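Supplied in structure tokens, the structure appears directly below.
Going by the order they are written in, the chains are A, B, C and D; count residues from 1 in each one.
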């Protein structure tokens, strides 16, 4: 079987994979980025085992195309999520390494 | 070639098809629906030839799954969009017929 | 009201907008591109008023990330679609201009 | 830090969350379901740490809308994925419980 720690890691992975593929491709600009951040945080916050979620989208990368806007790309995401299963808490993130939008486990702890 | 009226209709179609497939599947609830409506309106409003966009998501259909939330389905969308190309203005909508989330042209007019 | 020509243009727009936002972000490589082209063509071919659809994804742009694959980007699409409403037939396409994945009406004709 | 077992679980979660939100909403029918299954398997197979992936989409649920096709819904997915990180191997799945498209860890093992 799997432990609470493993399940907390699994749940964190689900949410990061899900949000990436749900929102990539959204039309976006520096003026509208906050509305997308809020929508992502609220949507992910509904899902099971999510304790906290913070989403920041890199406005520097939102350069205007010929029609004056940009498109949400994987490289723009900076996300930190905390999941909890039983007494295990997993903090994981999605950050652009400069080459790849990498999803990683930051820590897994047992809450007393 | 194609007229301004035809191009306005084409642009309205693009935006309705795009928003449907971008956002279907998003985790949603009655408490978070407004944030998704805002994010969709702001995103579509960035795209070329869009004059107006109103999005209403049917909260009655947002019944809770075993984890307490719902998922944005095509049937929940009620969208009206206005596009303008040259002097032609197209109003189109996306509405659930009871069987199908139908996209239709409501009117095309020439502005003076 | 709107003419068959305008409706054919509207339907072509719907399909191009839809396919773009449905598939952008898909993991892809030169080895798997054909399976994605087939899946898109078959999916769009199911939708109303579609007569023909051809999808080519630019393999040259599919450079490997550090994990050896790529992600379907708007710039990779080359799509030509034919819709028919009544006697009106619209040919439209999605092509990368070098700066923007542009959707355009190529022609609208009346079939006798 | 996190163990190989935890990381294998995390990676399995990423892939299940990703594929669900990438493909939900795709136009589909019994005649085209195989092309979507293949495209999903090939796409997920490109991603890091994936050893095996099997996707079956429930054709019984693909009832025709008024235009003769259906739309890929979460309830249609039956997916089993195997990820490997170091010597840890995680088998996880996505199955419809009758009420919810549930993602679960089936097993985590150490390969010798």
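Rule of thumb we're sticking to: a contact is a pair of C-beta atoms (placed from the backbone, for glycine too) under 8 Å apart; a residue touches a chain by one contact, two chains touch by 3 or more.
It should be emphasised that the depicted structure is a prediction, and the values quoted were computed from it without experimental measurement.
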| item | value |
| --- | --- |
| Identity of the chain that, by mean CA position, is farthest from subunit B | D |
| Degree value of the rotation bringing subunit B onto subunit D, based on Cα positions, nearest 5 | 180 |
| Selected interface, A-B versus A-D, where C-beta contact pairs are more numerous | A-D |
| Whole-Å gap between the CA centroids of subunit B and subunit D | 29 |
| Inter-chain centre distance, subunit A versus subunit B - centres from mean C-alpha coordinates, in Å | 25 |
| Between subunit D and subunit A, distance of the C-alpha-averaged centres to the nearest whole Å | 19 |
| In subunit D, residues with contacts to at least two other chains | 20-22, 25, 67 |
| Subunit D-touching residues of subunit A, taken from the complex the two chains share | 1-2, 5-7, 9-22, 90, 92, 103, 105, 107-108 |
| Touching residues (chain side subunit A, partner subunit C) in the complex | 20-21, 24-25, 65-67, 71, 74, 97, 99-100 |
| Of all residues in subunit C, those that touch subunit D in their complex | 22, 25-29, 31-32, 35-36, 38-39, 42-48, 67-69 |
